[in-house]
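Please go over the structures that come below.
Next come two complexes, and both contain chain A; in the first it sits with chain B, in the second with chain C.
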Partner chain A sequence: MRSRPTLCRRAALSAGAAALSLPFVRGARAADPIGYATWSAAVAQVKAHVAGFEKQTGLPVAYSNSPFAQYRETMIAKFTGGAPLDMLWVSDAWLPEFAMAGWLAPIDAYKQLTAYDAVTSDFCVQSTVFEGKQYGLTYYTDYMSFLYNADILAKAGIPAPPATWDEVVSQALTIKSKGLLDYPVVFGMTQESWMIEFISAMVYSTGGRFIDDAGNATMQDPKTGAVAALTWLADAVQTHKVLSPGCVATGELEVLKTASAGRAAFVLLPKYRLKVLNDPAQSQAAGHFKQSLMPAGNRGSHSTVGWMRFFGATPRGLSGGRAEGLVMLMEWFGGKADGEYVFQKTILKDLGLGFGITELYKDPEVRADLGAYGDVDLMARQQALARKKDTISPWFGEWNDAHGTAWQQAIVGKISVEAALRTSAETWTALKKAG
Partner chain B sequence: MRAVTHDERAAAGLLAGLVAVLMAVTAFPILYSLWISLFAVNLRRPNRMPFVGLDNYIAVLSSPAFWGSVGRTALFSALAVAAILVIATLVALLLDQEFPGRRILSACLLIPWAIPSVVNGLMWKWIYDSNYGALNGLLLQLGFIGSATIWLGDSNRTLPLIANAFIWKEVPLAAILLLVTLKSIPADLYGAAAVDGAPAWRRFFAITLPALRPGFLLVTLYEAMMAVRHFDLFFLLTEGGPGGASDVVAWRIYVETFRNLSFGTGAAMSYILAIATLLMSYALIRGMARTL
Partner chain C sequence: MIVPRPIAPRMLRLAALGLASLLLLAYVLGPVMWLLSSSLQTEREIVSIPPHWIPESPTLANFKAIFATGLGLARPSPAGTDPSSGGFIPSVAANLLPAMANSFIVAVTVTILNLLIGVPAAYAIGKIRFRGRGLTLYAILATRVIPDIALVVPLFLVVRKLGMLDSLASLIIAYLAITVPFSVFVLASFFEQMPDDLDRAARVDGCSRLRVLTHVYLPLARPALVAVGLFAFLASWNEFLLALMFTQTAASQTLPIVVAGITSDFTVSFSFLNAAGVLAVVPPVLLAVIFERYIVSGLTAGAVKG
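The block that comes next holds the complex of A and B.
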């Protein structure tokens, strides 16, 4: 029997790219820089840090960046086209697909890099691990935080922020009954990349999981799954009416704007947003927003979800004579540079971006910076309770699409919580089976 | 057989470069996307892209989710095109009259059309927001509503509201096309009707409306094609939500292709949409041409 032909797109793209780049090959080889790609964030900080590296080591770096919205697709096009990439920024959500495609190389053999695991938040390290191999060092990290407007709570006569999700409801009802806000709870449940972070934070804090250790769906399980979290959301909208049904059209940015306008008592937001919320130049509620530990469910803890972006290496970057320079560059950015965590402190100071190195919470400069708008020790405690998203998998994107739709339908009462989680679980199982 | 002249050869030579560029940037991508629609191309598995024939098309056409998005696309398009036709006709009739400030009004009318699509989408996102949106602010101040209304978050309102934003942007062009048609109606016809004592409504239904048919054909065809393929507002306002309420075909193609990286299925969906648009255009032209 004749076998079906296989489309050799990679070969065609590679040939095209090679043909187009022929005139430049000679020049490129002469310099042979380390190819370093990022999305268009912290550009000035990265350029300055690259310049410091080049000055220190004499190794040239070819830095390029592209917008985050198209970054994943751009990188995939570059990989399939054989572009000269050595190091790049990677989102934790893309690790399985990048690693399985052979676009990233493990760094386990380089103890100079893995030594930082001991001083890094566990969920950050775990987020760089796929099938037992580690693929990079943390670039920045953050977690979903529970924030409250202390001024509104004081006006409602509430002495302390809620410690459980039941208390969130009771306090929200008090605020509502006093006519302070129609919807004291403002969460973003629109179909965007933040939705899974909001949901995961609630699921973890109520003691649930999406999948078990073997990777099988448990989200539909009433005891160990996501039932408690989704039931709370559906009740908050439909029964207690403390969360607007409009939450399914509210994104993370809208939550921030609403909170900044003083129109929210309780919000879920990335921790770094606390800086904006308490900045008088950007927020009408400046000085009133405080962080508390993520409320706990009946069987839950104060866990939350953490995410991170990391410096990943390509097989090209870790091949032959290139490895030494790349490892130095990765440590320069993801570890210490000249004996200091320079890059981590720069992006925290300039942009408010979080760090994975836990000992930085003891650094006087870092404490002064974070302390200007929040409780540093509480930030550290919550980070220690953060967990990586257990749903990150090669089929994460497809599952997340179906899952998000089902959750939205349950929140506004179009379908039951059980039906939504059954859909979610069945989609997961089918995608896992298809590989 | 006639010999090719020197001038014709020179012209062909001069055009060859342009034709080559057009082939490279237009014909090649179109044919290449047709080619990949026959393979299981998923960029997450770059080393495994087997030929699957028409399997991608069969999978798409047998998917209930796809047919759900087809229904929503049809509803959105019908709502949008009908409203654009009515509003654009009224605007064109207004601008066909002589009155002070007509030129300024005509210039202002072009503003929505001149606004970039992304800006238009972000503007409507602000307007519709249930927490701090301008629409709720206006209605509350005027006393039409007692508390903030959920707009895009209400799945029954989502499609009409997105259609409204689409209509706002598209009406100017449609009105100008109809105005050009109105201007081409000979004034003698109205003069003769007036002499015969025909009232204004009679002149409108007997002269204006029939004469506008070519304009209606053009506007219906163009706006239907734009509505069926529209993506920007769905991306900016709802990302297919809430609960799939705005999950139209163009959005589904985006998700399949660029989020799921399933280029084979995405290309198949694109071809199905292109063929459907072609058939719809053909039916519209045939149907409306008979009345011209």
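The block that comes next holds the complex of A and C.
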């Protein structure tokens, strides 16, 4: 007897599920494209440059992006899950963590890429190096700049911007005494946005360091540490009252908006914000904001802190037959494309982003662009004085949390400057010991 | 003799109640009103101190920009473009409408599948006596005890192995896993509260189980169906974490991811961001308004299971 064909319920359900999902599954992609992940910034510019690369080389690129606030966690989950990634944007702060985990691969073997080191700002190159190996090419870079509202200074009868931190206080007091602003100095000291950069800029310019060459904490040292910078901030809030105690709850964007509204005489902001501040469409104080060299402390210089984001390669990207295409793509973005620094110029022109390639300061197009809202030579001078954050380490994030809280407490007077720096140093030492 | 209550304490009580209601309203509606108001302001006006709750020169430019870029009629602009006149368009703007469509497809599909899967399961648990009935319900609920963050990497691995990364299907399947247990729990409680006599009478009249469900219980379960449908829709519409992991490109990214991406850009237009926020809240608010009368009764029915 012929048995009756039976329909297994499980098979039917599976087939149903597959049929239901079919319309939503994207079609098979072109053969194994180069996986390129970024955070959601400069999307249009990246897309256009990717398109140029694909046209030039015939190599397909799978470009994806996700919000910056969750980018690091997303990438970690994707690395752990074995996502097909070849090249990605990396923040200098994540380098030790990503390199130690084996998620990034060194590019030292590719002279086509490392040749750009010779024409790149030193702090940018150093920011891509971990344990003697280089992990990428600069995507963009910037530094913390000291900006002042020339109109407010003029109204207060101040002829020149401050060259030292003491002058910042005296000029701010003048502005305050003339009733022009309650708080002439506007700094953002929230943990979430740029606090370590603000602080590092002040520490470097007052002649201090957080750690010595051996990586041991020196921040608590009254002569070589961060005492002068933190004391200045605490005094500005508590004694001179030229900086609002609300600075510990003020983010970088609020600083920008306050400055745009013409309610700040002195701000610390990433240099690229100068473009927005001097744009009449975006700022009520347009045309009034100027850059000066970072004010110097008594034992300091005009140094500032620089940071950068870079194009990093994954071990997958530099493996076997994939390496050639990946190196071409990295150079296309981080070096020259068709003999020109196309991407660097595009993001400068469109977004006001800084570049690591120093020779671009001599480029007429670049000079015309930057010159429209700032002093190009001063920008180049300040960039040459920029240094990378000396605290970048595998425990940077953890230390930064404790350190930031201690500094905030000292700024508003809840603890002393010495206690805050002792906490910072002890946390650093403990984390370093724990590895 | 009836002694009239003194008027003063009554008035005082009413005034206090009114004031408390106003405060609550301001607390709840304040952020929404600011979202709406600032979406109609220029970038220059939005930074005014004190803030303008009523725009001085309201503009629809941000909304126009969203639709124009989404329809390919305009291109994202360089950062130097004038945002105060509404002309500034962030580079991810073109992805907003496709992301809205993706969110809508995912949310509607999840809602429909939720009801298709949840209703029979809940009916079986609520009305059919079988061994392990209670255990089944709690086993289904237990799947929701594990926080989503702990599931991200395992789910990512599954989705990748299935070749479903960057597809809407991955989101639909993941969201079903999140929403179906809740739907089954609410609906099962609702069915359980309904009299068994209805079931018996219909069965005596010759109805099959399916017919009893579709012709007797479902019409009565409308509030619960609306409540779980709305829950499934809102959960899918708002979900962020899994969408962040599973989607990569505009082909599958949903609205929360794209809106969050606007803040990652180098120039942030707050008025544009808020206009995108307004678009994101419109569908859930519309649904809540339409089905408002069913929501409370549906959720309460599930919550007061005896």
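Here, the second predicted complex is superposed on the first by the 404 of 435 C-alpha atoms of A that agree within 3 Å, B and C clash if a C-alpha of one lies under 4 Å from a C-alpha of the other, contacts with A are read in each partner's own complex, and residues count from 1 in each chain.
What we mean here is this: a residue touches a chain if its C-beta (ideal position, glycine included) is under 8 Å from a C-beta of that chain, and two chains touch if they have at least 3 such contacts.
Here the structure is a predicted model, which is why all the values come from computation and not from measurement.
With both complexes brought onto chain A, simultaneous placement of chain B and chain C is prevented by a clash. In the overlay built on the shared chain, the residue A:80 is in contact with chain B and with chain C.
In the overlay built on the shared chain, the residue A:351 is in contact with chain C alone; chain B does not reach it. Within the superposed three-chain model, A:233 lies out of touch with both chain B and chain C [touch as defined at top]. Of the two partner chains, chain B is the only one that A:245 touches; chain C does not reach it. Using the contact criterion defined above for the overlaid structures, shared-chain residue A:263 touches chain B and also reaches chain C. In the superposition on chain A, A:97 makes contact with chain B only, not with chain C. When both complexes are overlaid on chain A, the residue A:42 reaches chain C alone and has no touch with chain B. Judged by the touch definition given at the top, the superposed model places A:330 against neither chain B nor chain C. Contacts of A:405 after superposition on the shared chain: chain B is touched, whereas chain C is not.
Under the contact criterion defined above, the residues of chain A that touch both chain B in one complex and chain C in the other are 80, 257, 261, 263. Every residue of chain A that touches chain B in the complex is listed here, in rising order: 4-7, 9-10, 73, 76, 79-80, 97, 100-102, 182-183, 186, 189-192, 244-250, 254, 257-258, 261, 263, 394, 397-398, 401, 404-406, 408-409, 412, 414.
Partner chain A is touched in their complex by these residues of chain B: 35-36, 39, 41, 43-47, 49-51, 128-132, 147-148, 150-155, 158, 237-244, 247, 255, 258-261. On the side of chain A, the complex with chain C involves touching residues 20-21, 24-26, 37, 39-45, 62-71, 74, 77-78, 80-83, 253, 257, 260-261, 263, 272, 275-276, 279, 281-282, 284, 349-353. Residues 43-44, 47-49, 75-76, 78-85, 88, 91-92, 94-95, 105, 109, 113, 152-153, 156-157, 160, 163-169, 172-173, 244-245, 248-249, 251-252, 257-258, 260-268 of chain C are the ones touching chain A in the complex.
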